[in-house]
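We just call them A, B, C and D in the order they show up, numbering each chain from 1.
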Amino acid sequence: MTQVKSLADLRKIKDDLQGKMGLREKSNSPESLVQIRVAMATCGIASGAKQVMEFFMEELDKRNIQAVVTQTGCMGYCFAEPTVEITLPGQAPVVYGYVDTAKADSIIEKYIKNGELVEGIIPVNYETIQK
Amino acid sequence: MATIKLSTNKIDELRAVCKSFNHEKGELINVLHKAQGIFGYLPAEVQEIIARELNVSVAHVYGVVSFYSFFTMLPKGEHPVSICLGTACYVRGAEKIIEEFKRVLNIGVGETTSDGKFSLACLRCVGACGLAPVVLVGDKVYGRLSPESVKDIVAEYAK
Amino acid sequence: METIKINIDNKIVEVEKGATILKAAKQVGVHIPTLCHLHLHDLNIENKPAGCRICVVEVAGRRNLAPACVTECYEGMVINTNNIKVLNARKTVLELILSDHPSDCLICSKNGNCELQSMAQDFGVREIHYEGEKSTYRADTSPAIIRDVDKCIMCRRCEMMCNDVQTVGVLSAVNRGFMSVVAPAFERNLDHSECTYCGQCVAVCPTGALTEVDHTNAVIRALADPSKTVIVQTAPAVRAALGEEFGMEPGTLVTGKMAAALRRLGFNYVFDTDFAADLTIMEEGTELLDRLNRHLQGDTSVALPILTSCCPGWVNFFEHQFPEMRDIPSTARSPQQMFGAITKTYFADKIGVKRENMVVVSVMPCLAKKYECQRDEFKTNGNPDVDFSISTRELAHLIKQLNISFNELPEEDFDHPLGESTGAAVIFGTTGGVIEAAVRTAYELQTGKKLEKVDFEELRGMDFIREATIDFDGLPIRIGIAHGLGNARKLLEEIKAGRSEYHAIEIMACPGGCIGGGGQPLHHGDSSILKARQKALYSEDAGKTLRKSHENPYIIELYKEFLGKPCGELSHHLLHTHYFDKSVEVSVVE
Amino acid sequence: MAKFKMHLLVCSGTGCHASESELLLQNLKTIINDKGLDTEVQVIGTGCFGFCEKGPIVKVMPDNTFYTQVTPNDAREIIEEHVIKGRKVNRLLYVNPETQEHISDSKHMGFYKKQLRIALRNCGFIDPENIDEYIARDGYEALAKCLTEMTPEQVIEIMKKSGLRGRGGGGFPAGLKWEITSKSVSDEKYVVCNADEGDPGAFMDRSILEGDPHSVIEAMAICGYCIGATNGLVYIRAEYPLAIDRLKIAIDQAREYGLLGKGLLGTGFDFDIELRYGAGAFVCGEETALIHSMEGKRGEPTMKPPFPSVSGYYEKPTNVNNVETFANVPVIINKGAEWFASIGTEKSKGTKVFALAGKINNVGLIEVPMGTTLREVIFEIGGGIKDGKKFKAVQTGGPSGGCLTEKHLDTPIDYDNLVASGSMMGSGGMIVMDEDDCMVSMAKFYLEFTVEESCGKCSPCRIGNKRLHEILDKLTKGNGTLEDIDRLKNLSYVIKDTALCGLGQTSPNPVLSTIDNFYDEYIEHVTDKKCRAGQCKALMQYVIIAENCVGCTACARNCPVNSITGERKGVHVINQAVCIKCGACLEKCKFNAVVIK
C-alpha cells in the first residue's frame, strides 16, 4: 500500500475518495444541494431509468455540480417514464417525464445550471409517505 | 479439592506468551489476559510460572490478580452467565434477573453448578444499555430480559 | 538551603523548600499525628502511601483536606493543623479504622505498644459512631511470625519492608476495597512462602497484625521443671536495647542488669552468645584464610568472596532466592547454634547432665532465630541444640511477668565458661561488626603480626552498602558489607555476574544489623534509636581488655580440651552446616 | 471504480451487535450480491448511531431513510422493496411516539434534531474498518497540518484557545495539560488515551472507538507532536472486544499508510501506539491508578502532585486524556479554535456526548452543545419518560455524580452548573428516573458500586463507603434512625475531604445529593417506614382489598410460602409475618384485589 508522505499525498487520497464518500456527505445536507430523484420502479427501469441515473451521476460529477442523486419508487407517471424529480435549493420540486440522456443533458445545462425550465414538466400531485 | 492439571502444551504456550512480551514486568496484566485465555482461569500454578518468567514475586502476581475483577482463580462453567449490573440495567430490573438465575440454577453469584455447566457472575456495564437488562451467556448477548425469559435461556444451554 | 515562608497554625515560619507539611510542622514543633507514615531517616527508608488519612490538615484555598505526609509546602502556604474541621475529619477517620478493627486490646500482644491504641487514647475516642461489618481473615502461625490480619490497617509498612527494603517479595496487598489486606501469595501461610522470617514486617507493624510467636510460657514451664537444667544465652544486640522496654534511654547498655535478671528468673546458667561469636570468628576466620590462601595459590576450585553466615534471615534468603550460590557463604553455623552445639556436648559433659535434661534458651534480637533453632540439621535424635529462642521483647515480658524490678537490679557477670567474650564478639550486633571482628583475628593469623589498631572505622556506619580495603601487611583484602536483604541482593547479583572483586562480604538481613532486628523493642519509626544502640555496642567493645576473638581464654581452652583445631573434624561436625535449595518448583501435572 | 448509487449503513456498535446486526449485515451483503447489485449498492458496517433504544439501525443513503429494530430477516424486504423498487419499508421506519407518524428521514426525528455531532461526527457515517473513509472525511488532515505547517507551540495555542476541557470527568483544560507536559523535560514522554470507561451506563468512549477509531489515533499523534512524545498507549477495557478489534485494525492501517510509525507524513516525527488492557477496575479511570495498571501493578492511585504531566508512566511525563477529548482534537485543528469556542457556554466549550439510559423512551448516545438544558435532552431528544410516567430525577456523573431534579431541568448543562447543582459532568452518563425509583435505594446502588470498586488503599474510602452503604441498607430495610441520616451526612463530608483519589472524594455525592433533593423520602423511610416508590421490599406490604376479592384462590394457590388464607369465594388475607413479598399474588390476581401498601 502507498505511504502517505505529505499533506499533498493525503489530499490526493482524499480527492480520489470524494466520489465514493460524496454520496453520504451530500445526503447529510441535501436541502442545500440539487436533489435529483429518479423513479426506479420496474416501469422506470424498463424505460431506461438506470442509464439516466448513471448519466446524471457521472455528468454532474464531471461538470462539478454538487448534487444528490437518489432513486425513488414509482411516482405514478408510468406513461411518462423515465421520470425524474429535480429539486433546486429552496425551490419546489419539478418533475420531468420521458427523460433520456439527451434530455438529461439539457436539464443539467439549462434547469440545474441556470434555472430555465425545460420542456416536459409533469404536474406534481402525489404525496410521499412523510406527509 | 480437585488436583489441578495443566498440560505441558499449555504451559509451553504460556512461556511463549511471556517471551513474546520480552519477559517484561510491566506486561504482567497483558500476560495474565493471555494466560486466562489459554487456561480459562488463573490457578496458582499458572501465576507461579508467570511470576518466575517475568521475574516478579508470586505475591505481586496474586496481588494483581486479586485486584482486578476480570481475573478469576476459579474455573468458570461451560456456559458462563454474566449479568450486567450497569445503572441502566439496574434501573430496568437487573436485580430480579439475578434472583431468577440464582433460583433456576440453584447457585449463588460467583459459583458454578455442580455439573460444571453454568457459572454465574455479575459484571459492569457492557454498553448495551439500549437492551437493558442484559445478560451474557458466553459471548452471546441477551437483551430486554424479563425474569420469565431466564428459564428459556437456561433451557437453551442445558441440553 | 533554599527556604520558603509558610503559615502553620497562625505562625509564620521559614522551612526548607520542597519539605512536606509534616516535615515542616515538625521543624517548628507542631506534632501532626500519623499512622501509615514511617520514616527511618538514618536508613533512608520511607513509607508514605498516604493511605490512612490521619495526618490531614487544612490548606487555605484547597477544596479538600491535605495529607501532611506527602503534601509539599509552597511559598505563602497557609496551613491549619487543628481546627474543628480537621479534628472532626481525623477523629472520624480514626473511628472508621477502629470500626474495622478487633477490640480485644486487653489481650492483644501489642497492648500498650500499639500505635493505633495510643492514637485512640490521644484522640480521646470513647465511642465509635460507625460500627459495622468487620473484615476478617484466616489467622496464620508460622515458626516465627503470627499474622492476625484482622488487625491490619493497611498502612503497607510491612509490604514496603518486605518488597522495597528486603526484596523478599512475600507480602503484597491483595484483594480490593473492604477486603483488601496485606498477605502472602494466595493468602497462604507464611511457612508456605519464601519468607525469611527476618521480622522486619513485625518491627514496623503499628498494630497487633504481625507479631512474633511467643515462647515465654514454654520457658517458664522449663524453668519450673526441676528435672531440667535450663541454660540461657543472650545475643550481643539484646544488651543495647532491652533497657528501652524499661523506660531507659535508647543506647543504654544493660549487660549487667540483664545477667542479674536472667539469674533471678531461675536460669541455671547465664551464658552469653558472645562466647559463641568469638568461636564463630575462629571457625569462619580460619575458613576465610583457607579459601583465600588456596585462591592466592591459584586453586580455581575455591569460591570467593566468602560470605558470612551468622544471620539466619540471610541464610533463608539465599536458600530460597539464590540456591545456586549456596556454596559461597561460609559453612560456619550461627553463634546461636554453635552455642547450642557446644553446650549440649562439651558443657553437658563438663557438668554431667544429659542433653535430654538440658534446655537451652536463647534471647535474640531476631525472629528468624526461632525458625533456625527448629531446623532438623540442628537436632540430635530429635533434640534441638537450642530449645527455645525468645526475642528481646519476650525477655522483657518475662522479667515483668516475674515481678523483677529491672531498673533496680545490680550489675552482675555472666557465668563461666560460656559467658566469657571479647570486644570482637559484642560488635556482632551491628552491621559491620562481624567482619571487623573477623579482620582483627584473620589479620593476626595470616600475618603473624600483632594488630595495633583494632578499630576499623572504615567498616562502620549505616550506609547500606559499604566497602573497604584492609592492608594485611602488604596483601590488600577487599571487604564488602551489606545490611538489608535488598542490598545483599545487589551484591549477590554482582557475584553472580562475575563482577564482584571482594574477598569477604558481611551480610545482615536487618537494616542496621541485629540492633535493628525483628525481635528488638519497637523503634516506632525513630531510626536514631538504632544509631544509639550501635554506639552502645561499640562502646562496650572499646571498654573490653580483650578485643580479639582468638584471645578469649575460654575459647583457647575449648579448642585445647575439646575441639582440637578450628575447622577440624569435630568442628566440622558440631560447628559447621550445609545449605539447601529451597526454591519452589512449579508442579506440573500432565 | 464502481460508483455506488446507494449506501446501506448498518450499525455495528456493541448494542446493535448484540441484536444480531452482524448477521443482518451479512444477509444484506449476500442478497445484494445475489441480485447482482454489488456494483451499485454498497453495504457498510459503521459505528454506533446513538439510537440504541431502537437498534439495530439501518440507514439508507442518500435518501436518509432510517430503519429501526431491523432483524436479519428484514434484509430481503429492504433490498427488494427499497433498494430495487424504491419503496420505503414503512413498518421499519421510526414512529414518532407522540404523533404515531412514521418518520423516514432521520433529520426529522426528535432524537437527532437538537444534536450537534463533533466527537461522534463519523460514528454511524463511515466504515470504521476502512481508513480511506476516514481520510475522505478530512481524516489525518489535522495531523498533516500540524506536522508540516505548525510548531508544537502553535498547536497548543489553538488547543488552549478552543477551550476544550477533559471529557473524562474533571474537566481540566486539555490545552493546558498539553502545555504542562510539553514543558516537562525528559528523554521520553508518553501520550496515554484513557479508554477505561467505567461509569455504569456510560458508553460514549466505546462507541467512538468502535465507530471512529482513527480520530483518536490522529489526535494522539498530534498530542505526541505537541508534547514531544513518540509513544502512545491506549488503556482500554478488556470488556470491549469490538472496540479493541477496531482499534487494532485502525492502528495497522495507519501504520501501512505511514500515519503511524517512523517519519510520519515524510517529516522526522515518529509516533506509534500500543494497547494496554484494563482488567475490570473502575478506579483505573483515575489517571495515576491507570498508569500503575499499565505498569503491571495493582491499580491503586497515588497522591497528586506529582501530576502525570510531570511524572507518570515509568516516572516519565505523561499526558492522559480520554477518548472523547481526543476525538474532538482533529476537528478543532481543522476548523479552528474560534469555531469550537463559539459552541457551548462561557466556560464549557464545544459539545458533550451523553449516554441516555434508564426510564426514558430514547435510550442512546447523544451529542449536544454545552449549555443545552436537561429538559431538551430528556424530553426532546430522549423522547420523555417511558410509559408516560412522571419524571423524578436524572443522575449524572455516574457513581461520582448526583441527582438533578425538576428544578434543574432548565439549567444549561455545563461543567460548572452541574457542580453547582451538586452533581458533576463525569464521563456523561445520564440515568433518568421516574416515580417508581426510590432515591434511597438509588444512593445505595451507587454506594454498592463504590464499595465494590474501591481499591482499598485509603481508609475513608475503604471503610467509610462500606459504612455509608451499611447505613443506607439499614434505611431501606426500615431500621434506620434520624441519627443515621446525620451520620450519613457527616461521614459523607469527611470522605469527600479526606479520601485519596477522585473516586473516593466523589463517592458520597449520590448520598449527599439525594439527601439534599429528597430529604422527605429519607425521613419517610425512617419515621413512616415507608418507601413511596415501592422499591424497598422490607417497607412494603401486599394487601388484599376485601371489596375487590372474589375468592378465586388464585393468589393462595400461587403463593410460594402459603401466606394467603381464605375460603373459596370468600375474602382472602395475607399473613404479613409469612409473606416474602415476591409479588406472585399481585401478578396472578385478575381482579386488582392485591395492592402494595
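Assume contacts are C-beta pairs under 8 Å (C-beta built on N, C-alpha and C of every residue); 3 or more make two chains touch, one makes a residue touch a chain.
Computed from a predicted structure; not experimentally measured.
Q: Walk from chain A over to chain B along touching chains and report the minimum step count.
A: 2
Q: Name the chain pair with more contacting C-beta pairs, choosing from B-D and B-C.
A: Spelling it out, more C-beta pairs touch across B-D than across the other pair.
Q: Using mean CA coordinates as chain centres, what's the gap between chain B and chain D in Å?
A: 23
Q: Between chain B and chain C, what is the gap in Å from one C-alpha centre to the other?
A: A distance of 44 Å separates the two centres.
Q: Between chain A and chain C, tell me the centre distance in angstrom, where each centre is the average of that chain's C-alpha atoms.
A: Centre separation, chain A to chain C: 89 Å.
Q: Please work out the Cα centroid separation of chain A and chain D, and write it as a whole number of Å.
A: 39
Q: Residues touching two or more other chains, restricted to chain C: which are they?
A: 173, 175-176
Q: Could you say which residues in chain B touch two or more other chains, in rising order?
A: 56, 60, 63, 67, 69
Q: Once the touch criterion is applied, which pairs of chains come out as touching?
A: Going through each pair of chains, those in contact are A-D, B-C, B-D, C-D.
Q: Can you tell me which positions in chain D touch chain A when the two form their complex?
A: Interface residues on the chain D side: 1, 3-7, 9, 61-64, 84-88, 90, 93, 102-105, 108, 125-126, 132-133, 135-141, 144-145, 148-149, 256-259, 265-266.
Q: In their shared complex, at which residues does chain D touch chain C?
A: By the definition above, chain D touches chain C via 281, 298, 300, 302-303, 305, 451-460, 462-464, 466-467, 470, 487, 490-491, 494, 496-500, 505.
Q: Show me the residue ranges of chain D that touch chain B in the complex, using the header's touch definition.
A: 14-15, 17-19, 51-55, 198-203, 206-207, 238-241, 276-282, 293-299, 314, 355, 357-359, 363-364, 395, 398, 429, 431, 433, 437, 445, 449, 455
Q: Along chain C, where are the residues that touch chain B in the complex?
A: Residues 163, 168-176, 183-187, 193-194, 584, 586-590.
Q: Mind listing the chain B positions that touch chain D in their complex?
A: So the residues of chain B in touch with chain D come to 24-30, 32-33, 54, 56, 60, 63-64, 67-71, 85-88, 90-92, 123-132, 134, 139, 141, 143.
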